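Heads up, the thing below is written out as structure tokens.
In this document, chain identifiers A, B, C and D correspond to the written order of the chains, with residue numbering beginning at 1 in each.
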Amino acid sequence: MLPSIETLHFSLKMEVRDYELDRFGVINNAVYQNYLEHTRHKFLEANGVKMVDLLERGFSPVITKAEIEYRSSLQSKDDFVVNLELASLSKVKFVFMQEIRRLPEDKLIINARITGTILNSSGRPCFPEAFQDLRSVLTHKNTDK
Amino acid sequence: MLPSIETLHFSLKMEVRDYELDRFGVINNAVYQNYLEHTRHKFLEANGVKMVDLLERGFSPVITKAEIEYRSSLQSKDDFVVNLELASLSKVKFVFMQEIRRLPEDKLIINARITGTILNSSGRPCFPEAFQDLRSVLTHKNTDK
Amino acid sequence: MLPSIETLHFSLKMEVRDYELDRFGVINNAVYQNYLEHTRHKFLEANGVKMVDLLERGFSPVITKAEIEYRSSLQSKDDFVVNLELASLSKVKFVFMQEIRRLPEDKLIINARITGTILNSSGRPCFPEAFQDLRSVLTHKNTDK
Amino acid sequence: MLPSIETLHFSLKMEVRDYELDRFGVINNAVYQNYLEHTRHKFLEANGVKMVDLLERGFSPVITKAEIEYRSSLQSKDDFVVNLELASLSKVKFVFMQEIRRLPEDKLIINARITGTILNSSGRPCFPEAFQDLRSVLTHKNTDK
């Protein structure tokens, strides 16, 4: 059976918490990065990559580049969804496309392109096996197109 | 007297605080955005733009795009400097080039290009006078070259 | 119909996010205060007290005292519940008893007693009507005992 | 030579950063705990207790109780000082008295009593030698009185 395309998309619903608001009553730019990171970790976990395991084995996931466009703002009580797509995955680099949309109207709040790698205990880019598995899935998906 | 080029550069020395470290013992990506923002506000304040005034008059500074390259990491006890240059300033858009360097060796940690605007109380891009003054300074500087 | 005792108790399930962990791999003390605040706001909102309304009318809820006992720690991926009881409510003072328990075993992580008030636009303690309503409910409950 | 009483007092000057403000334009309660923790770490470091060393040797400092009274609020641009006194130090428990005062008028913002311990790699309360040294200083001080 071919892997489902769905495995490389992921969505997480969240809700604004008042302590995340800044003095202008909107979510601060830095907090959006927290939302994006939390969603990436939930995606990885759902696909068999456990952060605790990486940590114990000396691996450190690092972001090397973040490109974020802020289109609108989240405010108090807003519900929103963080969408994620694993866009590419080479031997030493991953790229996530992510966006945050306010619910229920699906209004685009930010979109982001997040590039990163995983360093081993020597500080060298090196993907553990769990990541390799994601790669094979991605390859199948692109071949299907 | 011509305005000094220095007014459009700005540097702020800071120090890592342990509560800013994540479980990997390094500064989390989102925290760097806090450092960058704090430095922009200090720069603006030093040039006569007071955030409290903007807020009271209904202006909201917003970032529309952040492009950040993460080159290395800050760790516990690290001293660092955040350098800032106001790279361009049109009638409704500003661009800051910023970088964070670890001291004393001046090692590059991140560099960033931050684009933004200021919205008036109607939600329209509109720069208050204090920002216009920055623009004239920038124009002189570029003419000098 | 007498108001239900349940209206003065409230529980909110949440989940640890990795960006909330500190370098020791546990939730930092300050983050627990965020969890407690978010739960109080959700409780108030569920009982007709809207923070946005308070803000617009010049009211500022403030905590005057926090007593927190830390019994154990939350770690990565932990699910937990924040329980809240509105313990007392005079004309100008509220007291919340709160606890955080890790799920599914209901292990006590912290318990807290949070005292506060609401200031009006002149900076004086003054409870808006929505809070007065909570008080009548609490009075009924205590009379029932 | 008798150890100086001064070694058990410590003060750290800091400044409010705009990203620490909440929607009411004041410092959020949780952020004050960050200020208190940062000051404790700087005090310990100044007295020979290095957090990095503790971590590497499997020690985890933990707060067991925080009692905080909030008297007033810090706002944008405020300078402040965090004062600290190591009030007591038994074989397995430390107590810090801390206060935050706004400068230059020295207005009391919060005072706090922070109780804690240090756990060894087995999760048992156990103070490393660097902490024992602090204890001897404290004993001398109290004998002097």
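Definition applied: contacts are C-beta pairs under 8 Å (C-beta built on N, C-alpha and C of every residue); 3 or more make two chains touch, one makes a residue touch a chain.
Fair warning: this is a prediction, and the values are worked out from it, not measured in the lab.
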{"item": "Furthest chain, CA centroid comparison against subunit B", "value": "C"}
{"item": "Mean-CA-position distance for subunit D and subunit A (Å)", "value": "36"}
{"item": "Separation of mean Cα positions, subunit B and subunit A [Å, integer]", "value": "26"}
{"item": "Length of the line joining the C-alpha centres of subunit B and subunit D, rounded to whole Å", "value": "31"}
{"item": "Residue list for subunit B, restricted to those that touch at least two other chains", "value": "18-19, 23-25, 28, 30, 34, 37, 55, 76"}
{"item": "Category of the chain touch graph - line, ring, star, complete, other", "value": "complete"}
{"item": "Subunit C partner contacts - residues on subunit A that touch it in the complex", "value": "17-19, 25, 34, 37-38, 41, 45, 51-52, 55, 76-77"}
{"item": "Subunit D residues within the subunit C interface of the complex", "value": "23-24, 26, 28-31, 33-34, 37, 55, 60, 62-71, 73"}
{"item": "Residues on subunit A engaged by subunit D in the complex (per definition of touch)", "value": "18-19, 21-25, 28, 30, 76"}
